[in-house]
Amino acid sequence: MVKRFMSWLSDPLGRIGLLIAFLAVFSGAAFGLYTTQTAPPQPIQFPHNLHVGLGVQCLYCHPGAYRQASAGLPTETKCWGCHQQLSKYADGTVALPAELQKLKAYVDANKPIQWVPVAQVPDFVHFNHRPHIAAGLNCENCHGDMSKVTVAENPQVMNMGWCLECHRARTVDNPEKRNKLLDCGTCHY
Amino acid sequence: MTTELKIPEFSANFAESGQQGKWGMAIDMDICTGCQACVAACAMENNVPFVGEADSGYGRSMHWIRTERFWEGEFPEIKMTPYQPMLCQQCGHAPCEPVCPAFATVHSQSEALNLQVYNRCVGTRYCANNCPYQVRSFNWRDFERPEPLPNQLNPDVTVRRRGVMEKCTFCIQRIHRAEDQAKSEGREIADGEFTTACAQACPADAIVFGRIDDPESAVSKLARGSRGFHMLEELGTLPSVTYLKAG
Amino acid sequence: MTDNFSRRDFLKLASVGAATTAILTGCGPASRYVTREPYTKMPEYTYNGQSTYYATTCRECAAGCGLVVRTMQGRAIKVEGNKNHPVNLGKTCVRGQATLHGLYNPDRVQDPAKQSKRGSRDFSNMDWDAAIAVVADALKNTDPTGVTFLMGMAPDHLFDLVSDLAKAIGAPAPIRFGALGMFEARATLGKAVESLFGQAAMPFFDMGKSDLVFSFGANFLETWLSPVAFTRGFANMRRGGGHGRGTLVHFEPRMSQTASKADMWIPITPGTEGLVALAIGRIAAEARGGSLPAAFADVDVEAIAKSSGVSAEKLDELGKLFASADAALAIPGGAALAHSNGLETAEAVLALNALVGGLGRAGGVFLAPLAPMQTEFSRPANMAEMADFVEKMKSGEIKTLFIHGVNPVFELPKSLGFEDALKSVQTVISFATFPDETAMQADYVFPDHHGLESWGYQRVAAGSSQSALSGAQPVVSPYYNTRATADVFLAAAASVGGATAQALPFKDEVEFIQSKIVALVSESDGYFGAPEINTFTAYFQQYGGWWKTVDELATPGGDVLGKAIQVGEARFAGEGEFYFHPFVSPVLGEAGANKPWLQEIPDPTTTAMWSSWVEIHPETAHELGVDNDDVVLITSEAGAVEAVVYKYPAIRPDTIAMPFGQGHTAYGRYAEGRGSNPADLFGEQVNGAGDLAFADMRVKVEKTGKKYPLSRLESRMGVYGEALGEEH
Amino acid sequence: MTTNVSLMAIFPDLEPAADAIEQLRGLGVADDQMNVISGVPVTEAMLGRPRQWTNVPRLALGGAIAGFFVGAFLAFGTPSAYPIQVGRQAFIPGPPSVVILFEMTMLGLLLSTFLGVFLDSYFPSYRPMHYVPEISDGKIGVFFSCPQEDSEKITKAMTALGAEKVEAAEAQPL
Amino acid sequence: MTSTEKHHDHAHDHVAHLREQHLMLDPLPRGQMNDMVMESMHTTSWKFWVVFGILSVIVAVFLFGAWGYMIANGLGVAGVNRPSYWGIFLVNTVFWIGISHAGTFISAILRVFKAEFRRPFTRAAELMTTFGLVQAGFSIFMHMGRVWLSYWLMPIPNQRGLWPNFHSPLSWDLLAITTYLLSSTMYLFLPLIPDLAMARDRTPDGTWQKTFYRVLALGFRGTEGEWAHLRNAMNIFAFAIIPVMFSVHTIVSWDFAAATRPGWNSTIFGPYFVVGALHSGMGAVAMVLAVVQSRMKHMKYFIRGEHFEALGMLMLLVSMAWAYFFFNDYMVQWYGGDKWTQQLLHFHEGGPLGWMWFAMLVFNVVIPWATLWNKKWRSNPWLLFGVGLLINIGMWFERYIIIPISLTINRMPFTWRMYTPGVEVYLGIGTVAFFILLYMGASRLIPLIPVWEVQEGQMAHSLKTYGRETVVTVSELE
């Protein structure tokens, strides 16, 4: 058997096959890693840059961030509340762009928009926005500069080392706080 | 009969030991009626799976809290020993912690609790072997929860999968929620402001939960009483749960 | 479920890659199972990721505890007690906790359906318009006297609506029935109160303030009347409400959960509870001095000691103990009353309270207040009435039967022949939420919402010293294509038209409920008040009901001790050598068997899970040649069941006991085919109050040679010393 | 300028080989121009050869020290990287640290001993080398280099001492 | 015949007898020995391949198949439960680590003490060490609930900054077993190099075996330098691997002894486990040698009665040591009087598996003592095989008693429950099959006899006559 395998290996085709198999597994893993780090397709290609550029505050649409764990995603009531008032669309001077037509379709059908959360931590990590906002962090510290991106994407790998780096750096002079912020039970339960 | 094997009772004065943690629980065995409301409440709050008939009969049930009882004497003079709810004692000196090779069960320095970090657990089950109270339960399988039962799962608590050890957390998610709430309002947590799921459900109020390091809290007062004792105190595990002797 | 494209699904796509990643990074697939349920129009008080709490009423039994249910993004997550509710003060029992496993039970009836042939389980779904047409047709085209509504035990808004409907179409008044009422012997209790105190009412036992409780068969810590309220009372008694630690003495042939908490458990001969009460009364009266009351005058203590198996010394001790207590309380209930002499037993026990001045005294007996909007005491049907009803069904008098909230095929004694009698009913319409045995025998199943999805109110009959109306509201939107039965009846009534429609001129059940509770808006001593009905309704929902702030306990009157109480001997049916002692499973209750977590909750006394068992004293088992896990055949006069032996050290050797709650032949995957149903053994004998004398049974026990490993939480080695090494 | 040739004399036994080495020395072949190849570990003393220098013990010692430091890093360094309290034990527990230090020291020692053999012996080397397969049958090969003009003389002397064959050593693939 | 002649004859017989008995006095030309060893590797009957095939199927189905099934379905398919969280997996782990001890013991300790009888079978014993450790590794990984995360137990730098917990005996275990596996593999490999070179020289060109040996022989020629480095390294190894060996099983015993459990928390567990390991390991070596001697060609020359005799004596000695430690442990636990320990001892002896406790004593003490005292008996390979088998069963029982049976009894009588093995039985059989399979495979590829060591020994031995007595003398070659 070993002989067969060895002779098979000495065959260039066999070697290529082995290489392909290896590459397949490797690229599969790489692709898997990549998919966890890329923005998933959203039902509506929401242009963050446009809205931030117009001066809309993050907390206007994600109001949960300063009072609870989840920042929350806006309901279509909130979207449409502004967009239906835009006079250029209302009086028909400008045709409704494709993405806004999707929004209108949702509103007309009274169906919720199934936004896909982007910056998500695994189930076993319990992240709370409120203390982070309370500690004076800005949204872009973690979510990047939204005025530069359209559809939200993750600017960084949100892994434990990344969390800890900040938790450590901000508690060098406060051992009690450090205890709290490095405690396993603060995030994992 | 195995009356000799009854769990020993040692009286202890918690305040004197000077080893109290932060959170504590007092369980009054005199008024515990064994009704199992705590068991159900715990299971519902903490996403504890049910395991089915065969596995539960084989010692694989996942109860984070169980009610123990033994018998004393023979009919007609037979007595049932007081119901004793057994849950993780949140030991100050926990035998389970140092034996985990992966740091999956560790001591919280800020909450003074035993933590089980599910995602860090590789399933050696050493901690469960070393737990003198036998209150750890292991996910022997991915226990089935047919749809739509998962709708009930508490999003504040990780859903454990096969191969992971789990145990009572003193409802740490509630502790965090209350702490966060109190902090956002710039105050301390008041005694009795929140409680664990088992204490919350207990119809007899036999379970009292609170700050054990606050001498004025309800749980401290109960724990200091003359009826208080700790389970297997001779092992020096410094449990955070004080039992109150019946009668 | 929504078909949203979540991150989890996205991960699934890159299957090989993601699996490799998962292994490398140690992250399993994200298991945050709760689907994000984005709102189209978010309610102003709701935030994504933040819980909302709704007050409602527990429907797991008829006690009417107030619940607060934690919900998140449209899903009910946790049941908590309503701290303001007078029945449970924020506490819940095991069954209440598990109510979510009913709500999200995988075996719920999901659509209205027609069964091609009764019992065939061949259901074809219908739409609700057709279903309402069926109901309307039944209401319109049947002789009104042939229309009967069989309802659950809880006196709720649906019962009121159905009563109104029955009155409007001229049908007989709806029947309320529940197995718990049967096991509690509620009718007997009511009748005894009526005959002793001259007033029909539920008694209220002020256990929390008493220092000595004699319980004659009342399993008040388990299922009896209002277990959560009684547990609170028990705990307060133990904590010593001003008296020091209270003492509990429990009389029952088997050590029940309640008995296990007693300081003294008296394993009394079944059927002699009344006699023992009389003996204690006589001894206590003698100990207290003064003239011997007529009630206890003719009591022969010696004879009673002999027949009850409680020694004369013990009786003497108990009598003196009872006489010497500050606030003694005697409670009759449960199997003690389920004998042919049950009514007299109840009277004898209640009379004990009168003897020590316990009527209307703190720590004694009161008459429970009537619920708001209630004018007279009403109780569920007793067995005599149910037997009459079954007779009527058999005779073909009943053409259309509406069944809601009760499962008579399972709960009624098999010997009564309900299932057979159903065959003589032309149309059977069930409104069952779960596919229970009765629904399987119906022509149509029009599923009601689960209790947590529905509106309503419920009168509190026991457990509260205040007059209370518990309110219910949906905490989540209905998960399946179900519809509130009240709405179905309202819609059907509207389509029938005429007087029926006029009698029920409501758009939906909420309007009907408002029309009822509007009477309370003007009440002044309520927990809250409101100037008008809409605000009142909002508060009603917010607080989970309406109740008075003051106790309305009435002091029982009447010449209780003036006449002699004659307790006859219990007449046992059957030839067997064992007394049969059925009891309601404290965990499963009457309807918990389909909830998987309840199945896995160990029974408090036996720690058995997932099945039922028969408790046999170890010595008796030895004589019978059976051991733990052996299956025995129990034969009564009326039937036979097989059950697994549990060698229970705390039961009379001449008695065997069996829990009620298992033995379903339908009712979902978790209940079906599990354990056995002791109701199959029950005969038809009733006591003086018409309640089933289910404890008046003697049964035979035979070994079958089969084995069935009973799941137990306890260790048979550690608790019973089985298979351990010999002691050196 | 004389050119050196490499010769290999194969002897059936130990004694003739020892004699041959002495003879070679007499014939002007220096010790460092000889090598003995054998199938059993014949010692230098048996052949009257100078003692071989080996680095293995020193490498082993170095490895042990390195292992000790790795152990010290694991025992004392890693707990400080993320101090986690377990069972009321010190962050750096005493006795367990001894275990870690011991195991890592031994691992370092043994690994470096093993690698030391490789380093010292230039293992693995699959280049063609001077060798005859008969060596592993118990023959003793004496491999030496001498000036071309002496080769005839030496070959004769070897044959006289009992060499089965004396041939120009040619590197051959092993 | 004159008396001198008679005596001469007698002396002649005596010498012949000595030669027959001792391999070291019965030298053969090296080339012939090489031939015999090579032939033993290449002479394979169809029966071998049948057994090989069957074992391969068993390994594929019982070990890898059942393991995959268990990984997919969770440990629930095994019999472990509360309170017996550790079952046959850990029994097998300890058992295999125990087996692995004999190889090192025989090879290293006997090398240090220059026990010459070791020479022909050190390799066979060292192979057991390596293959036994492989099985121990399998067993311990099977036991883990999430084996795919087992790399978390290794000290690998990571973004979390979180390292393994070195407070845990399991962490020490992992380091110790890794050290032991690596060092025993290296210790197996170093003396193998010259034999691989021999095999390389005797394998015809163009075969895959040639490539195999060529690669593994690393270009070894046998120069003075190579031998010197090798000899040096072997000396260091022989000394250094002994404490590693002792530490490994001591640390394994700490997995139990460090726990706060009745019956486990014993200070004598370390040496008790080490001796227990030697006990089962010796038995296993005896079994392997008996099989190798009878089944492989020419092995009767290399492995003789003297080896079994010496092994038998060692087994007897170890059995006595084991009995001593067992009694010590038992005595102190019994005397201590802690009620949980008392209960545990009662359960061991009188519980449902009490027979196992008695069988352990019979197999480990009674039978070895009853048979091995007799020199003639213990020289019989098949008797030694039988005794070795019984000792291994007895030692497996010992571990079974210490792990799942002792786990049944804890300080919470409410949770006591018996352990009924499930799929781990198949996994255990799978490891045994895999061990045998590896061994069989190795016996076809690797010279089982270290020929150069045998030759070295034969060179060092001679017969010398002092007066009328001819005796064996050994000279120090190094």
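Note that the chains are named A, B, C, D and E in the order they appear, and that numbering of residues resets to 1 at the start of each chain.
Here is the rule we go by: a residue touches a chain if its C-beta (ideal position, glycine included) is under 8 Å from a C-beta of that chain, and two chains touch if they have at least 3 such contacts.
A quick note: this is a predicted structure, and the numbers were derived from the prediction, not measured.
Using the mean of the Cα atoms as each chain's centre, the chain most removed from chain C is D. Chain pairs A-C and B-E differ in how many C-beta pairs they share in contact, with the greater number at B-E.
With centres taken as mean CA coordinates, the chain nearest to the overall protein centre is B. Inter-chain centre distance (chain C to chain D, centres taken as mean C-alpha positions): 88 Å.
Chain B and chain C have Cα centroids lying 30 Å from one another.
Each chain gets one centre point, the mean of its Cα atoms, and the points for chain C and chain E are 66 Å apart. Taken residue by residue, chain C touches two or more other chains at 26-27, 31-32, 49, 713-714, 718-719, 724, whereas all remaining positions touch fewer. Contact with two or more other chains is made by residues 2, 5, 58, 66, 68-70, 95, 98-100, 103, 106, 109, 119-120, 158-159 of chain B. Within chain D, the positions touching two or more other chains are listed as 82, 84, 86-87, 89, 93. By the touch criterion stated above, chain E contacts chain C in their complex at residues 148-149, 152, 342-343, 345-352, 354, 408, 412-418.
Within the complex formed with chain D, the chain B residues making contact are 92-100, 103, 105-107, 109, 238. Those residues of chain B that touch chain A in the complex are listed here as 103, 106, 108-111, 113, 115, 117-120, 156-159, 169, 172-173, 176, 180, 183-184. Chain C meets chain B in the complex at residues 1, 26-28, 31-35, 49, 72, 75-81, 88, 90-98, 100-101, 103-106, 221-222, 227-228, 231-232, 234-235, 238-239, 245, 255, 257-258, 260-261, 263, 265, 267, 479, 586-587, 596-602, 604-605, 607, 609-611, 617, 619, 649-653, 674, 709-714, 718-721, 724.
Listed in rising order, the residues of chain B touching chain E in the complex are 2, 4-5, 7, 55, 58-60, 66, 68-70, 86, 95, 98-103, 120-126, 128-130, 132-134, 137-142, 162-165, 232, 235.
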